[in-house]
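Following this line, the structures themselves.
In the two assemblies presented below, chain A is common to both, partnered first by chain B and then by chain C.
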Partner chain A sequence: MNTKKLLGFAVFLLAVFVLVPLFIGATGRVDFFYTLTSVALLSVGAAGVWLTFYIGRINIGQGAYALVGGYVSAILVTQAGVPFWLTLPLAGLFCAAISVVIGLPILRLRGVYFAMVTLVLTEVARLSALALPVTNGAKGITSIPLPGELSLFGLTIIPAFGSLSNPRIGFYMMAVVLMVVTYLVLWRIVNSRLGHLCRSLQQNEELSASIGVNTAYLRVLAYAISSFFGGIAGAMFASIAQSIYPSSFVVADSVNFMLYCFLGGLGYVFGPMLGTLLLYFGWDLLSIAKQYQLLIYSGVMILLMLVLPNGVLSLLDKKEGRA
Partner chain B sequence: MEQIIANGLYLGAQYALIALGLTLIFSLMNVLNFAHGQMYVFGGFVTYTVVVQLGLPFIVGLFASAVVLAVMGAAIEKFLFAPVVRRSKRDESTMLLAAGVAFFLDAVILLFFGEKQRGVPKIVNGVFNWDMRIIMPYDRILIGVLAILLIVVFIAFMNYSKTGRAMRALAQDKMAAQLMGVNVARYSMIGFALGAMLAGLVGGLLVTITGVNLGMGGPTSIKAFLMIMIGGAGVISGAIAGGFILGMMESVGLTVLSAYGDITYLVIFASLMVFLAVRPQGLMGKPWG
Partner chain C sequence: MSTILQIKNITKRYGGLTAVNDVSFDVNKGEILSVIGPNGAGKSTLFKLISSFVPATSGEVLFNGERISSLAPHKVARMGVVRTFQETTIFRSMTVRENIIVSHHLRSKASLFGFFLGTKQAKEDEAAFAASADDIVDFLGLQAIRNELASNLPQGHLRALGMAIGLATDPKVILLDEPFAGMNHDETMKMVGLVRRLRDERGVTVLLVEHDMPAVMKISDRIVCINFGQKLAEGTPQEIRENEKVIEAYLGSEDAAIGM
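Take a look at the complex of A and B:
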């Protein structure tokens, strides 16, 4: 079983790092690099949302943290001159810190109440970005420099993006590495003591509290990790687009993050990744349908939900059940 | 001051009517209807089509949008929500479905009615002017009164009719209601149709004043969510209270805070978060809805 998993992981790495660039090189659809970079980054954000689902909370507020993360990174790079690679973890940590402050009161809410508050949170983030002086209002922050080189002990780990002949591939690689690391972390969390405790929260919060699980601490911790992912994804997005506006992440994005998780399947660690790929890439491919794009997209979404209400990955379940 | 209160009441009456439909659907099926705003826009477009393109009187348009939306709501419940609720492992899966329906309605509106702002000519002319203290066009007053009338009718229906009683029983305790012989599937469908119909009616009413356009759906849904959070999800009195409170806050906020820029909604959102931290179930909601 374990070798099978390792093998699967190796195949996955081979596919994303070697086969996809080769395929794109062969077909000449260079725009796919940008689409797939977005998929990778969005799935990092969706991983966070999935973790809050894992403790039994519906999170429709990831857009808020992505926006905050993007702004933190952009402001640090443009105004304080901090190198981008340092701002990436800083943006994540900043989001995690905010999410602790916000999460302490609102994580007491459950079900739809929590979902609606987080939805409102996205609007709060957007309106704050419009109102605060440091964010430059509706004009946003533009012409953020590309990430510089990252070197450790004089050894260049990541070359400066400005010097690359094709920064698109660079961004793609970077985003995929980020995605792989995120999902490894997520997988590790789920298969640890922390993951088991989270599962107990998902099933019955009172019961687990009565056995002595520190539910208040756990849910804030899970929410902070979730927001950390959101912040990192937002920061990467801002640096790739080289700009950030209050409307970079809106309510629709927050809802999408949640939909990615649903579509992939809430019971599977890699569900959000698959969901993001299907929804975002599918939307991109459907652009050939022109004015019927949204109609087909939403129709397929409704159909998928009717056929597979527990997510696409629940197909695997059925096979195991039959065998 | 009188002007602010009058504006607040007018806004509140409309908002309450939107929130009523949303809260009804939520209380019966535990579904957060993301498509509520889109249903409202759809209702507006139906009224517009009947009144402007077919040249029929306004009341016919209002009636048409109520019927169209009720049928649509019933169909959506019967063919989409009911099967998914039955087969899904987690309640929340209906959210994806609701969001899918919202996108779908957006697409349908775009294809059928286009993306332009549409409006219906004023149904009553003239402006009410009380000593320069309250100035309000007659059509707004008429729409406000109609909205309040509809709310009264709705409450009476929920309180005194057999259908209304069955739906209230369902909202209180699904299992117990089923044991008492309430046909859950049938009344869930009626409830959804009724909720959708209310959204269509508000759309039909407001198309005469503000008009409708494609982009209004999402923001309207968010406002409706706000209202039922203030009042407490799934409670009818709460939805009405939430609607009027939000209408008042908007009206007061736009006047008082205009000096500081466009921060009314930021203040409303922030105060809502503080309020919910203290009272998570809203004004009148059940804890953990």
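Take a look at the complex of A and C:
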């Protein structure tokens, strides 16, 4: 990592951990904490979708894994009394495990065929949540206790959320930490050989196989990492909302995850993060347009895809003359 | 000379159509063997069968006595039998050098997780790949375009890049798919020289499929001629040139086609 990038990263950390809370404190708009927490968590899910794009697959099924992750965490916390901080990785791992089972057959499909199957996944997850006894049907799981404290060797790393005077800021911090870690992992994947092989897969699977890449394994691996991100995002969401319903993540959410990636830029690791922020806030800001909200929103989306097919971040490339 | 590759009674049927019918021949270590035949004779299918990109209906391919015909393509590549494609098959949005570096995958000693963590072994691997990639760039004379995006390359360079990708895997046997197609005489002669050096300097056994008869006659140690999916003849260029069945297969333009 060169100094310029390191500096950019430091500025970013300063902004999200210090400046944003200060700004919100100054303006008194505490509700922004909730909005930004959602943005951070959605961008974790979007990071996963982006990774599947990176191996050349259009993934419109992240909502399914977010829902499953939310339920796994909620069930473990409410019925088995497992501490939330343990259920977070467990939810991710569970999602990764089922994505391997689902991914093995469906990742053989390409293009629109894969996209169609993933689109169905979210609906399958919703219907399963309605039908399974353990998920408590349409009533969902409510009154999930707030995360307790996380301590390691007697050292309190995260205090119990119930004891905080303002749990909102706690959730915000936690979500942002999760987001930063996720994107560091993603950045590292993309810039290591693993990412190079993913790129080779995206550009030509046959050639990739001919140079000895186990394409089936790599596809499933990338999809499992993607679903892991979806699972932890969902688990965190359920914990913040203290509830989860079959309709917590629906097809529209899956589509949104994909749109975040498109908007930010499929060629840029931090594209989905920016895309999530712009799209989530854009939608909220457009609420002043009342009944024209959806019209303007979709119009702008179409325009952006026409003018900036490589995402908003491609503007940077143009400025530096790289494009 | 020892046998490195044995093709034994291999057959491929697509529904009612028999693309390759009971073809057998051996490839000797260190030779340049060409497979020729008119359009639609089954050459390309035969190539895909040998590199295990399509499963055979019956018969088998042995590499150093080991059966490779039912393995996944990446496992065949791992054993050292690597195919190249025609020019459009490259990693388009990578530079020439990146194309070659990524193709070193088979030589990596570190695991993918090791690469993710950036272990010492992974760093050594990356350094070795970069050095070897530069070596291949020099070998194929691609210095001027090493940082060019692959999608911007003209046809002749794409063919060389395809070969570079193949070489990066450190193959024992390389399967070249029409390396001279669409080239003029000078380019063809340059490529002939390159393929020879592949064998002479890198010790790679070459198996190639080609239409360009003069080039095939010039380059090959032995030739296998197939037509309608069946082996017609096998022998040295001289024997093939004089084989009546072969002449018959190319009837109509016999002299010109066989390059006499």
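Just so it is clear, the second predicted complex is superposed on the first by the 320 of 323 C-alpha atoms of A that agree within 3 Å, B and C clash if a C-alpha of one lies under 4 Å from a C-alpha of the other, contacts with A are read in each partner's own complex, and residues count from 1 in each chain.
Just so it is clear, a contact is a pair of C-beta atoms (placed from the backbone, for glycine too) under 8 Å apart; a residue touches a chain by one contact, two chains touch by 3 or more.
Bear in mind that the values here come from a model prediction, so they are computed numbers and not experimental data.
By the touch criterion stated above, A:289 is placed in contact with neither chain B nor chain C. By the document's definition of touching, neither partner reaches A:18: not chain B, not chain C.
In the overlay built on the shared chain, the residue A:181 is in contact with neither chain B nor chain C. Using the contact criterion defined above for the overlaid structures, shared-chain residue A:207 touches chain C, although it does not reach chain B. Shared-chain residue A:315: touches no atom of chain B or chain C.
When the two complexes are overlaid on their common chain A, residue A:196 makes contact with chain C while staying clear of chain B. In the superposition on chain A, contact of A:262 is made with chain B only, not with chain C. Touch counts on chain A: comparing chain C and chain B, the chain ahead is B. No residue of chain A lies at the contact with chain B in one complex and also at the contact with chain C in the other. Contact residues on chain B toward chain A in their complex (touch as defined above): 26, 30, 32, 34, 80, 83-84, 87-90, 92-93, 95-97, 99-104, 106-108, 110-111, 218, 222, 225-226, 228-229, 233, 261-263, 265-266, 269-270, 272-273, 276-277, 280-282, 288-289. On the chain C side of its complex with chain A, the touching residues are 51, 53, 72-74, 77-78, 82-85, 89-94, 98, 101-103, 105-106, 108, 112, 115-116, 118, 122, 125-126, 165-166, 168-169. Those residues of chain A that touch chain C in the complex are listed here as 188-189, 192-194, 196-197, 199-200, 203-204, 206-207, 209-216, 221.
By the touch criterion given at the top, residues 53, 58, 102, 105-106, 108-113, 115-117, 119-121, 123-124, 127-128, 130-131, 251-252, 255, 258-259, 262-263, 266-267, 291-292, 294-295, 297-299, 301-302, 305-306, 309-310 of chain A touch chain B in their complex.
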